Structures are given as C-alpha cells and as structure tokens.
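The same chain A turns up in both complexes below, where it pairs with chain B and then with chain C.
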Partner chain A sequence: MQKVDYFRPETIEEALELLAAGREEYKILAGGTDLVLHLRERKVSPKALVDITHISALKGIREEEGKIIIKAATTFTEVASSTIVLEKIPALADACKVVGSPQIRNQGTIGGNIVNASPAADSVPALVLFDGVARLTSKRGTREILLTELLQGVGKTAIEPDELLEEVILTPYPGSVSGFYKLGRRNALAIARISGAVELVFAGSKIAKARVALGSVAPNPFRATELEQFLNGREFNEETKEELIALAKNLVADKLGSRASAPYKREAIAGVMREILNRIEQRRGR
Partner chain B sequence: MEMKKLSLTVNGKLIEREVPTNIRLLDFLRDYLHLTGTKEGCGEGECGACTVLLDGKPVNSCLVMAHSAHGREVITIEGIGTPDKLHPIQEAFLEAGAVQCGYCTPGMVLAAYALLKENPNPTREEIKVAISGNLCRCTGYNKIVDAVELAARKEGK
Partner chain C sequence: MIKKESYIGKSVKRKDGPEKVTGSAKYVGDLKFGSMLYAKILRSKYAHAKIIRIDTSKAEKLPGVKAVVTGKDFPQRMGLYLLDRTPYAVDKVRYYGEPVAGVAAVSEEIAQKAIELIEVEYEELPAVLDPREGMKEGAPLIHPDLKNYEHVPAIYPKPDTNISNHFKIRKGNVEEGFAKSDYIFEGEYYVPQIQHTPIETHTAIVMCDSTGKFTIWSSNQSPNAVRKILSHSLKIPMTKIRVLGPYCGGGFGAKAGVNIEAPLIPLALKLRNKPIKYVTTREEEFRDTFVRQGMYAKIKTGVTKEGRIVAQELEMVWDAGAYNEYGVNITRAAGYSSAGVYDIPYMKTDSYCVYTNKPNGGPLRGFGMSEMHWAIEQHMDMIAHKLGMDPIEFRLKNIQRDGSTNATGQVLKDVGIEKCILRAKELIGWEEIKGEPKPELSSGKVRAKGLACMIKAPAMPNNAASSAIVKFNDDGTVALLITAQEIGQGAFTALAQICAEELGVPEDWIKVSQPDTDYTAYEWQTVASRITYSAGNAVIRAARDAKRQLLEMGAKHFGVPLEELDVYDGYVYVVADPARKIAVKDIALGLTLPDGSGWGGPVIGKGVFIPEGVVSFDKETGQSPKGVSHWTYGVQAVDIEVDVDTGKIDVKKVVAVYDIGKVINPDLAKAQTEGGIIQGLSTALFEEMKFDEKGKLLNPSFVDYKIATAAELPEMIIDFIETPLEDGPYGARGFGEHVMVPTAPAIANALYNALGIRINTLPLTAEKVRKAIKEKYGI
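For the complex of A and B:
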C-alpha cells in the first residue's frame, strides 16, 4: 500500500488539533470499509489517517426532547440493533440492516456513510427522511447543517478539511411509523440500485403527515416533496398507494432523464414503494 | 517507512510490535505473525475470506488498518481450534462435508462462531444472513449451512 501516516486520537479535541494541523492532507478514517480500499487503489493519497474509531465520545445513540442523536463513529450493527432506532425510526434500522454484509456492518459507520457522499449510500435516505442535521465541529467552533445541504453531489460535501462530523440529529414526527427498502442486484453486498424511505403519521384512517426520501436516483439522496404533498391528508388506502406509486414513477423518470438506468428504475420504484408501504402497514398494527 | 508501536491481543496473547503505519490487519496477521489461516481473497471486502473477530465481531481484515486494532482483541482461525483439538464448529464442517477447496472455510467458521456466540439456536435463515458476507466459490453453501446447524445442535448438548 502507498505510504500513509496514522494517528489514533482518543478525544475529540485531539482529533480537531490533528485536522487543523493536517489541513486537507489528512483524512478521517471512520471504519475504513471504503477508505482502505480507496487508499489501495490510490484514489486518494492523504499524508496521514486520523482514525476516529477509538474516540468513545463519538459512539452511541441517545434520545433528547424527541430528537434522536447518533454519534458519527457508531457502526451500522449498533444502529440496526438500537432499541431507540427500532422503536422510533425503524426506517433507519431497515437501512442499516442491509448495508454490505455482517462484516461491513460491524466496521462501517454512519458518519463514514454520510461523508462518502455516495448516491447509493444505504443509510442516507433514512437520515434525510427524518430531516437529518449534521453537527460539524472544528477548532473554530461548531455548526449545524441539513444533510441535504451538506451533500453536494457524488463524493462531494460542504465539510471543511478541519471539520469533524460529530453527530447526526434526527427529528422524527411524534408517533410516526416508517420504513425503508433497498433494491440491489442480490441480497448481500449489493450496491443499492434504488432505495426509498417513507415516514407517516396517521390520524384515524388518514395520513396526517408524510415524509418521503429516495436514494440512487440523483447524485445524493433527497426528499421527494411532491410525494409528501400528495400524501398529506389522504386516506391510507389502495387508491392512495397506487396514485403514490404512479407519481413516484414519474418523479424517478424526470430525475433520471435519458440515463441508461431510467427505464429500469422507473419501474423498480413501484416495487420499492409497495414494499415500504407494506412494512409501514405491518408496523402500524403493532 | 513510518513505523508505530502496535499493541493488541491476538488469540489471547498480548502482542507488541513496531509496524509500518500503512499495513492492513490482514498483512499484520499473515506477514508479521505468520497466522496464515486468514486468507486474502478479493481484498475488497466482498468475499469474507479474510474474516477475523475484532472484539468478538466478524470484520474483513483486508479493510481494517493494522493500527486500528490497537488495544483491541483479535481472534483468527488459529484461535478457534488446533489440528489436535478441533472446535465443535470445525468438527461439524468436516462431518457435514462443508469443506471443498477450503479457502473460504476459516472465514465461514469465524462467521459461524460469532453467530453461535450471540444466538446458540439460529434458524436456517439466520445462518444464511450470518454467512452472507462470505463467498464460497465451490458453491457448497447448503452443506455449510448444514454444518452450522449441526454445530448448534452439538454445542446445545
């Protein structure tokens, strides 16, 4: 492998010192399931790695005044098995359960998945769904930015070289039910061909509030506001579901334009949406 | 080459070495400790041949920097059983005929070991999920799943 130095800070302060000193020449190692591969392929050539997985303050999940806060170095396995996540934001558990393989889920982290800014990042549609906000920290201070603003295209983010993604803050609607589904070429280790996440709040038989996010359709996962507006106030029945699916097909066709994958994805979204709605239906009954 | 001190537990033994900062855990285990039971397959985290347990959980050692394992506990296939005293999972693999060329076997055994630690009575489906990160190019998957079921029954006794 190419030459690269390695640092293993144990506190956030130490990590911020290193990032400030290293500027853009240092790269954060937050699990390594992508970065170690990219280093070997020489897609990146940092002077040093700043391994943040030994910082205990960057691990864990907590609930605070209705918000769910996930620390950046929390692994997919930890997120998928968290009681808070399973109860309050099951769409994120669905997403983290199907990342890569058990090995990848034990090593890869939520923070790494965000910062990589892949169009197919498995956890990101579910994070965007709950209005995910990234908390970035540097020696200069701390700022919060919506994930949809943080992600700026394939592999691009608004994170400065001296900034560390400390945590992601999610705001689910109180009493909501949610689900996520990903379609890959096979079950394990497949990159998402298309994925979606839906959150609904029910008032009797009606949908009081809705959020919808899609992945692998645009350079980054995004909120499908057209679909959300359609769902608001509708009866949750077959007619609504079929209309939603028709709208989702149009949206996907619009977003992908003449891309080679468009004919496949605009049909595939129907199956993805049905699967998500089934999951929500099952969870609603509990 | 940049060198740093690495100290970790491998198969129950505390190990301290000066090693380059740019090597993977896989390289450290094979080239420095000569624990060659851990195999390199794809080198990309797709095949699971390099699976080891890091703090009890299966990971792809080809995607872990060696120094990331500092202060942690690694278990390789050499820490599971010996030729004289096989682990019940290894016995079950032999009994069920779950070994063909053998290249994927160390990773499969470790994935099974981690599963049975957490879930001593897995369903067939749970076994399939647990080994979903391990490829067998001889494609003897059914016998591997049979072996894990057999191991669960043996250990349950």
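For the complex of A and C:
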C-alpha cells in the first residue's frame, strides 16, 4: 500500500475544511471496508484520508415529522438494531442485518455503502424504497438530492470531491409494512445476486400504496415503478402475488437482457419476491 | 480395592486448548530468527510450456537479494510414491503456477521485486486439461520420461502415456455377473478439483548450517516423510536433516508429504546459516499446494428383480494434475474400496490416475472416498428408485455383513454398517420412500430427506509404522515423545488419555511432544485417520513397558511379586492392601533401597506398532485376503429444503452415525464429525476450482471460491456405534476423514427425493438446481 496522510477531524466543519483544502486529492474514510481494499488494489491513490468516524454529529438515527434521518457514519449494526428502524422501516433492518459478516457490519457505514455505489449495495434498495434523499454538505453550502439521482452508475455518484454525505432522509408511508430480501451465493459474506425491497400500505384486504425497489439487476438499485403501479389498489392475495412475481420476472429479464446471469436471475427473482411478501405478511399481523 | 476411573471414553479437555485460546501456541509463521531471509517464488504463466530461457541477472543485482535459484540448481526428482516432481520446473512447466525460480532476500518486498525482474521465455505446448482426453493415445505427453521414474512397487504407471497409475479389481468375471442380472443400470458422475482451505497457509523455514545440516520448521503433517524424501533426493544421511513441527493450523491432507519445504532447499544450499522463511499467499495456497483431484466415474450395475446387486463395473478417471507423486495412491485407495459398503459378487474396477496440466492432486480428507462415494451412493439411490424400492430397504439388502467379501475378496468381520443405517434412519425420522417424488411446488419450498453411506480404510503402505517413547520426569510427570502432529484433530489429547490410562497417572501429568525428528519417536505420517489407531497402539505398548519398570521397582520396594502390584493416580500400590503405596515420583528416576543404595534407573518405555497381516493386492486382480489394516463405516442422513424459484438448497439437519469401534473422547469425536459435516456440506453446495481454457485457475481467493460459513450450519445429530476392532486400541477404529465423505451424496439424494432431479456433478449450485427444475417442470 502507498503512503497516505491521515486526518481525524472531530467536527463536520473541520472535515469540510480539510476536504476543501485537499481538493480532489483527499478522500473520506468511513469504515474503510470498501476504501481500504481500493487503496490496496491501487484503484484510488489519494494524498490523504479524512477519517469521519470520530465526528459524533455524523452518527445516529432520529425521527422527525414522519421522516427518518440516518446520519452517514452510522454502522450497519447500529441501523439494524435501532428501534425506529425496526418499527418503522423494517426493510432497512432486514438489509443491514445481512451485510457481510458481524465484523463488516460493526465497521461499515450507511454512507460508505451509498457512496461506494455498488449495484449490489445491500442497504441501498431499502433506502431508495423510502424515497431516500441525500443531504450533501461542503464549505460551499448544502444541497439535497434523491438517492436515485445521486447514484450515477457502477461506482459513480454526483458527489463533488469537497462534499460530505451528511445524512439520508427517508419518508416511509405512514402505517406501512416493509421487507427486504437478498439472495447471495451463501448465507453470509456474499454479495447480493439479486435483492429487493417492498413497502405496502394496507386498506383492509387491499393494497392502498406500494413501493418496490430492486438491487443487483442494474448499475444501481432502482424503483420498480411498473410493479408499484400494478400493486396499487389490488387485493393482497395469492393471485396478486403470482402476478407481481410474473411482472418482476419480466422486468428483471428486460433489465439484464443477454447478460450471462440473466437466465438464472430472471427466474430466481420469484423466490426473492416470495420471501419479501412472506415477511410483509408476517409483519402485517403484528 | 481401589475403584479406578478410566480415561477412555471421557471427554478430557483438549491438551492444546489453553495454548491456542490464549494465543501462546506458536505456529511456523510466528517464528523469527536473527539474520532470517524471506523467499518468494516466480511461477509459471502457462499450463504447459518449454522453458527456452531464464534470465535472473537483473534480480541478482537488486540490493537485498541474497540468492536466486532455478530448476537447474536442483534437478533431482522427489515424491512419496512416485518420484516425478522437482522443486522448480526443469526444462518445462506442467501447470499454471509451477515454481520456475526462487529468490531469497532480506525482506519479502525485495524478494517480490526480484521475482518481477526475472525474465522467462516460454514456448507454449498443447495442454491437457481433461484427463479423459489425456489418457487417450496420441495425447500430448506431460511426463515423457515417466518410464524412468522411481516408484513404490504398489503402483503401476503406464510408460509413454499420461497414466501414472492404473489400479484394477477383477473379482470374478463381471460379464457373467451381468448375465445373471435382471436389470442393468448405468450412470456417470463427476467431481471437480477443490481446495482444502486451511486457515494457516503453508509456511516453512529452512536453514542449512555450515556443516551441511538442514533444520526445517514446517506446518506439515509428515515430519518423518519430509526427512526421508529430502534425504533421498539430497543424498545425505538423515542425521543431517532435522524436521520440527510446531502447531499446524489445519491440514486436511494439504500438508502431507513434502510441499513448500522443497523449493527452499536449493536456496538454503546456497546460503549457509541463514534461516529462509516462506509463507504461501492465499492465491498460492489455492493453486500451488495440493488440491483434491477431480474425478469422472462411470458405473454399470447389474441387479436382480429382488433388488440384489450382482455385478458392478466401475471406471474412475482421476484428474490428478501435473505431479502425481502422492495422488497415485488415492487412485489405488478408491480402487480397492470400490465396493463401497456393498457386498457385490462380481466386480470390475479400473481406476486411472491421469496427469493433466493442472494443480497437483493430493490427499484431501477422505483420500478418494468422497469422490468415489459421490458416484456410488447416488447410483445406489438411483437404482432403488428405478426398482421402486425405498433407498434404505435397497441398501439393507446389499450391504456388507460379517462373512461378506469386498472388492478385494477380503472376507469381512465385525461389520457395523447395518447398525449405523438403522440408527441414522431412526434419528432422522425416515419415512419410507417408494416411487417417484411428487412435490408440492406451489409453496415455493420443498423439503425432503436423503441418506448416503461410506467406508474407508487407512490408505498407507502395508508396513506404515508408529512408535512412542514414554519418559518419566523427576516429579513423576511424563513426556510422551511422538511425531504425530496436532493438526486440530485432537491427537495429542487422545494419545495422552491412552498414555495416562495405561500408566495409572493423572492425564494432566502427560505432556505430549511436538514433532522433532532428531528426538521424537518415528511416525510414518499424520494422515489416513490412523493416529489414534496406530500411534495409539504404540503409546499403549510404550506405557505398558514403562509401567512394568515401575512395577519392578515397586516389587523390589515392597518385597512382593510384581503381579500383586498396580499403578493408579500416581502411586504404585499393593492391590490387596492399597495403603501400602509409593509415589511414582519417588521411583521415576530409580529406587532408593533402605540401605541408601540405588536400584533401577529413570523410567523410559518404548512401544512400536505396525498393523500385522496386511498383504499386497494382486497386480492384475486387486485381490488380497487383507489388503488394508481395517475398515471404518458410517452413514449420514440429511433433511433439506429446496427453494423452487431460486434453486437454493438449505440443509436443515444432518444426522451422522459412525462405527468407530471405541469412542476414546466423545467431545472430540463429535467435534470432528461436526467439522466434517460442514466441510462436506461446503463441497456439496459451493466448492469448485474453475479454470479457463488455458488452464489458469480463475478463483484462487475466498471472494470467488466460496466455502460454507457459520450461517450455513445445519442442526447436527451425531451418534456412534462401537463394534470393536480386533487390533484397535480399546477397539478403536481410524476416524477423522470419514466425516465429510457421505454429506454431498446424501444431499444429492435428498434433492432427488425432493424434486425428482438428479445432479451428478458437484457442486449443487443454485443455478444447476434451478435449471434442472425448469427442465423437469417447465417452471
């Protein structure tokens, strides 16, 4: 590994100062579970690292007027065990629980997961599901941008080098039930081959509102609006589930085209959807 | 009377436990010496190529580089059973990854830089990647000199071919057997090459001092074999080679025989008095140490209407890689075990070890049994289904019992497989299976059970020997000097239990030595699941020898005949009057007589063991009245759930029942079984070395080569049957490798019972399962 300078600011202001001074040559270090690997493989060679894990203002989860705000340097372990997350947006807890291994979950952060912009980032489908908005801050000011716009392809984002992702703001539907499921090559320490997240609001036996997001079938996780439109207003029964699964299969087939993984994934999505709906069914009763 | 408590059958705590959990245990990687140098190896980028030119001049000039060696520095061939391997490629390379040059330097970084400065010019040759092609006439020859290689008499290389061993079974005339059969069933099965993935990668330090004496510290299962092989190829006496075995961080067969010690030898010869250390990278561990051989099996079985097997014809073609010095014996072991657990009157087996331009095949926990049973045990289920019989019922009609003969014509006795099957059947809650499965697909998940049996004998030369020295210290504690290696299996604990049991001293008085070939007693190798059996017998004899010496001194001391004395809890006592006793510590170094004079001397016992009556197999027929020391049988039954949409197999429960003769340490036997189940499950679902069309390994990392994790753990129910082995210590049979053998075929059989699909190639990936479901059900 090459030599790099290391800074450990304790406030957001200090961090922003460093990022502005470092221009494009400084890089933010959160849990390091992606970045350290990239340094080793020499995919990136920054002059300095700005470690944000000692900035207490970048940690924590709170609820504010129906919105749930997650600070960027919050770890997967913290998210997965948060009462707010478990109660209001369980899909995100599902996702954070299956990231890597306990060590990775104790170290890796939500912010790092977003900014790394992997197609298979586990938390991202669940964040996108709840209309996640990223709040970006720099010395120049602050802006908010939808995650789906922030993510610009594999490993690409709209973040400027002097910007810090401060938090993500989620807007779940009031009273919704949600779930996430990931299919990997094995049960732990495996990246998602396909993942999905679904949020439903029930009105009696009917689905009043629906959101669906998918991961690992496109350059970035995305909202499957066709599936959402189909679900809106439907009865929540076997027939709807089977139709949803059929539509999901078509959608995945469309997205993947002639990729080598397509024949498997376009069928396996059925199992992923089934599992998510099972989770929602179980949670709905509670 | 003293009521003696036995150590046999007790879950005595691991001897190596405290050292390992506190981090005190030293592995070779932990060892550091002054003036130590570090080695790196330049490896071939071709699977098969002539070496036209090697230019090491730039590397030699790099500051910090102390020596550079290539094949010409040490062209002697070495090996365990067939001497076909050189430490560095000579004239040509035979697999992608083969050592071409080695560097020793003052740091790993400099050694690595030096490696990158070595220029090699190759002329590519056509590569053999499929052994079925490789064994055909006209295939490119990987070892044109095969006919001149030294080998042990028990293997049969075919000159001017790529076949390094051909083992045959001819039991009766198999055609006659097929003629007597009502049905003939044929099947083909395949296992890919896989890796052992020990946590500790191969590590060694080699030093040659100014007198020419070699000292070798190595994470190795075979210190005595390393010494023997190196002494033979260096042409120096064994007093000039000392091999030490600190703790070994997982072996699974990968660390048997000579491995990475060899490429350090020519470096050490050039650099006297410099310990040279080499730590294998994970990538090298995957590709450049032993791997499990791939295997293609074709079986043809003749069966009567009643479901009795009459005849079996089996061809096994082993994908054994570039050097088969060890692999030749795996082919042989599979050959002589090829009846599996069944009593088959007519048999024909051809087991071919075939050179390919791939990583070197070698022992991996099971030594051919996992590969062979993958074929046989699925085939048996397939036949049962075709006959409309329950797979257990079919097995019970055909298994070996006392008086049955196996593939080699040996008449068997003390056969415990029936008990194992019946116990496993009960523990898994088997429901009779008849006819084709009719799964309920709509719920998305299908659950079913499956079962597979296994058999294994220690695969070793007929005269593989063990020995032990029991040496008392001044305070009555005991040094047990053996060269068996503690590779995590618990050998030190089991042997200490045996030693304490026989001596009559507390178990925690026994300190088991780590291998040091200059001082510890000879052990052939820590392989073949043979240590408790073979070294165990040697320890019994050594302890009895030492105990006799204690009793002799006791007899003199008490003035009573030796037969009236015993030793227990650290005292020699008069059996009829236990109050009359003398502490072992008071006589451990000799007896002091009432007049103050001395008598006797320090107590040292010795014991040796060679399994007796093991007779070589006939070259043409593979027949022998007793070709191996003994057999161990076992069964696993699994309960799995298959996701119909994703094809993912979730193993819910595994029942394992083994007849191990006598359970010496229940906790260790259970832990061994649990580990094996997980390893077996891992090979069933995930493991496969993948190569490109040029023979380059594509997945030499834990990212791309997945093994099971704790998150795949099934519920495990483990039980043992104890049918004593005549010459086993307390009746114990060899046990250790057996535990991973039946897991994969049991899962495959359960998959069939779930969905009526049979996948005959390992691993059972989600894609393969999904594809098979789609083909069968169109969904």
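The rule is simple: the second predicted complex is superposed on the first by the 286 of 286 C-alpha atoms of A that agree within 3 Å, B and C clash if a C-alpha of one lies under 4 Å from a C-alpha of the other, contacts with A are read in each partner's own complex, and residues count from 1 in each chain.
We adopt the following convention: a contact is a pair of C-beta atoms (placed from the backbone, for glycine too) under 8 Å apart; a residue touches a chain by one contact, two chains touch by 3 or more.
Small disclaimer: the values here were computed from a predicted structure and weren't measured.
In the superposed model, A:Asn187 lies in contact with both chain B and chain C. By the document's definition of touching, of the two partners only chain B reaches A:Val36; chain C does not.
Of the two partner chains placed by superposition, only chain C is touched by A:Ala268; chain B is not. Of the two partner chains, neither chain B nor chain C is touched by A:Leu146.
When the two structures are aligned on the shared chain, A:Gln103 is found in touch with chain B, with no touch to chain C. When the two complexes are overlaid on their common chain A, residue A:Asp5 makes contact with chain B while staying clear of chain C. When the two complexes are overlaid, the chain among chain B and chain C that reaches more residues of chain A is B. Shared interface residues of chain A (contacting chain B in one complex, chain C in the other): 101, 187-189. Residues of chain B that touch chain A in their complex: 1-2, 4, 21-24, 43-46, 48, 51, 54, 57-60, 62-65, 67-68, 70-71, 111, 114, 129-130, 132-134. Those residues of chain A that touch chain C in the complex are listed here as 101, 183, 185-190, 263-264, 267-272, 274.
Those residues of chain A that touch chain B in the shared complex are 1-6, 8, 29, 32-33, 36-37, 39-40, 49, 51, 53-54, 77, 100-104, 106-107, 187-189. By the touch rule above, chain C contacts chain A in their complex via residues 444, 643-648, 685-686, 706, 708-712, 766-767, 770-771, 774.
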